[in-house]
C-alpha cells in the first residue's frame, strides 16, 4: 500500500543551475539541468570538488543558486524554501549528529524538530534502528563509522520526508557497512520516497536507477547505468600479463593504443580506429606485448564499467 | 635478490585488556607494494604506527630497514617516509615553502633541498603553481605533491595511510603511477586503503580482522582461495565475520 | 640545527599569513599604550564638586578661589541645606560637597578654630579619598600660608563624611564592576561560541533544513544563558551581602530587572558576533578583544570616565556596560530608585533593542 504522504509530485527538477563562490572567482556548478522522477533512486556520481555538495545545498535551500531555477516536490528552492524544509530529509557529509547526545536523544531531538515523534514513523526506520537499539544509550560520538551512518539516516527519515538527500553517506565507512547501507536504501525506495544520493564510489553507481556523472561542476552524462555503459563508443578490452605496470607502459608506447588505464591487475585498452573504422586485431596486440617480453599475456573483450565511462567522459570534457 | 626490509614476528599491541594488534607475522621485500587492508578498528592504524616508530609495541619482534622497533624508533623515523590522508601539507604555505620546510625537517642540506624541489616541481608539472598556497590547489595535485614530499629524503620505505580518498579516477591512477615508479626504483611501499581495486594494484595484500591477519597473499591467489571474483568480495567474506566494529 | 631553523621559518610564515592574529599581536599593544598613557588614569580631573558657602567672607572666598583654580575640580556654587545636598549626590553627578559654615572667618580669628565640612560620594571610594585629600591639602595650604603671615595660630579642621560607604570599602566599587564583567563574559562569549559550534560541527545545516524557524534556534540557544546569568547575579548579590558585608541598599527587584535588560544586550552582542565569525576560535577572540576589553576599560569601573579626555568619554557612551554599571551602583550602593535612573535605563533599553534587531536581521536563514 502506498504511503499516506503525497508521492505524486515529489520529484526534483533543475534548470541550468549555476553556483559560484568568492564573488564569482570559483565556479562550483555550471549549467546543470536534470529531473528526478518521483520515487526514483538517483545517484550523483563524481569525485571531491565536482560540485555534488554545492548542488545538494542548493536543492535543500541552504544556498541560493547564482543562475537557473530548481524545484523540489513542486516547490521553488528560492521562493518556497520554507515549504521544502518541511518535507525533505537531509544527511550532510560527516553525518552531522550531536556527539554528546545519545542515540535515543539524537533521534528524539530530530523527531521533535520536525514536529513529530519517534513512534509515529517508527515503521520507516525499524529495520535500520534494530541494529542500533543495543547501543541506544551510547553517546553518538562513541559510535563506529557504520553505526553513525545508520543513526544519521534514521534521523533524516524520522519525519517521513518526501524527498531524501544523502550527501556522500558512504564515504569513509568500511565496505561491509556500505553494502548494508545500500540494502537499506533499496528497501526505502519501496516507500515511495524520492532519493538523491551522491557518492565518489563508482561501483555504487550500479545500485541507482539513474545516475548523473559530474566532474568540474558540469554534468557529463545522465542516464541509467546500463545505458551509460552501452553508450561507450568503442570496444573495450582487458589485457593481463604477469607484470601489469610495465604492460601498461608498453601498451601506451604502441601506436594502436587509443587509451589504456590500470584496473586492478588488468589494463583496460581501447584501440585507435582509422578513417574506415578499422583497428588493430586482438592477436596483433598480444603479439606486440609478447615481443616486448611479457609473459602470460591474455586479452579479452569486456563490458565497460561506470568507471571506464567516467574516465572516458573526463577525457572528452577536458579542454 | 630483493632483501627483506620489514620483518615482524608475533608483533602485538595491547591497551590494558584490549588487544589491538594480535601477533602479526609477515615479511615485506624491497621494492614491494604491500597493501594493508582492514575495516576501521581492525588494527591497521595501530600496526602501522608501531612499524613507523610512532608507537611502542607490547610484545613480539619487528625490524624496519634493519632497525629494531623496540630500541631504535628514532632511526626508523629518520629512514622512512610517511603520508596520511588526515595530514599532508600546510594549506597556508606555498608549494615551494612546503617542499623547503619538509626538506629541512628531514635533514637535507640547503643545496639538496634546492635540487630536489626543482626536480619535484618539474616531475609533477607544477611550475605554474610554485608560488600558490597549497590550500588553493585541487585535491589531486595536493595528494601527488604530498607523496613526493614524503619521498624527498629518498626513504627506502614509505608508509601511506589512505592516501587517495575522494579524488577522481584519473588522478587516482596518476597517483598510483607515482607509487609504481617509486617501487620500480626499489622503494618499499606500505599502503592502507578503502578502495578495493587499489588492493589489486598491490603486489601482496594482507587483511586484518579483529587485530589479527586473516589473509596474506597476492590478490590473484586470494581471489582463488576465497573463490571470489574481486578483492571486494574477498574482503567482504572476511570482514563479515568481524567482532569489532569500533572506530 | 638546520631542521630547527626550517621549523622556525615555517612558524613565522604561518603567523605572518594570519592577518587577524597579526592585528591583535601588533595592534593591541599600540592601542593599549596610547590608552593607558594618555587617556586612562586614576588621576582625578574635572571632578564635579559643589561648594556651599554660608560664610561669604574673606577666608572662605580665598579658599574657594584656590579650590577653583585647581585642575582637578569643576566647581559650582550653590545654596542649600541637607536635603538639597542629598539631591545633588543623587542626581547631579556631584562627587564632593564642601560646606563653609557661617562666620567662618570670625571663628578663625577669634576662636582660632573653624570647621569645614566635606561630604564625598564614596560609592567610588578611590575617587572619594582622592578628592577629599586634595581639598584637605588645599585647606591645609591656606592654613599654613595664612598662619605665617598673620602670626596667629589657628587651625582649620575638616569634618569628612563619606556618603553611602562610610568605611570606604573597596567592594562597592568592584562588585557592580564584577557584575557587569561576568554578565558580559558569559553572555557574549558563550552565546557566540555555542552558535558558532553548530556551524563548525555541521549540525547547523540540519537545523536549517527543517521546519523549525531559525528564530527559535536563536531563542533556544539564548535561554540557558539568560537563566544562568540570572543565577550568577543572585550568587554575586548573596556573596556581596553575606561575605563582603555590602548589602543591596535599593530594590532588589529593580536590580534584577535592570540586569535582565543588560543580559539581553549582551546576548544580542553574542548573537551578532556569531553571525560574523565561522570558527569558535575567532568567536572567542572577537568576544575577548572586541567586547571584554572595552568593557573593562570604558565602563568606568577601573578608570573613572570623568578623568578621560572628551573623545574617549564619547566612546564610553557607546559601551552598554557603562550604563549598566552606573545603574547598578546607583541602585545597589546608593539605594536609589527608578526615578533617579530612568534615563540611564532608557539608554540601555534602546541599545538592547537596536542590537537585537540588527543581530536577528543578520542571522542567516541560509548557509551563505
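Things to note:
Letters A, B and C mark the chains as written, and numbering starts fresh at 1 in each.
Here is the rule we go by: a contact is a pair of C-beta atoms (placed from the backbone, for glycine too) under 8 Å apart; a residue touches a chain by one contact, two chains touch by 3 or more.
This one's a predicted model, so the numbers in the text were calculated from it and none came from an experiment.
Using mean Cα coordinates as chain centres, the one most removed from subunit B is C. Across the two candidate interfaces, A-B and B-C, the one carrying more C-beta contacts is A-B. Mean C-alpha positions place subunit B and subunit C at a centre distance of 61 Å. Taking the mean of the C-alpha atoms as each chain's centre, subunit A and subunit B sit 27 Å apart. Counting only residues that touch two or more partner chains, subunit B has none. Contacts with at least two other chains are made by no residue of subunit A.
Across the complex, subunit B is touched by residues 2-3, 5-7, 9-10, 13-14, 17-18 of subunit C.
Residues 201-203, 205-212, 365-368 of subunit C are the ones touching subunit A in the complex.
Remark: subunit B residues 39-41, 138-139, 165-171, 173, 176, 180, 184, 194, 196-197, 199-201, 219-220, 230-232, 235-236, 239-240, 242, 245-247 touch subunit A in the complex. Chain contact summary for the complex, subunit A toward subunit B: residues 46-50, 143-147, 171-176, 179, 200, 202-203, 215, 244-245, 261-265, 307, 310-311, 314-315.
The residues of subunit A lying in touch with subunit C in their complex are 57, 60-64, 81-82, 85-86, 88, 90, 92-94, 96-99, 110, 113-115, 155.
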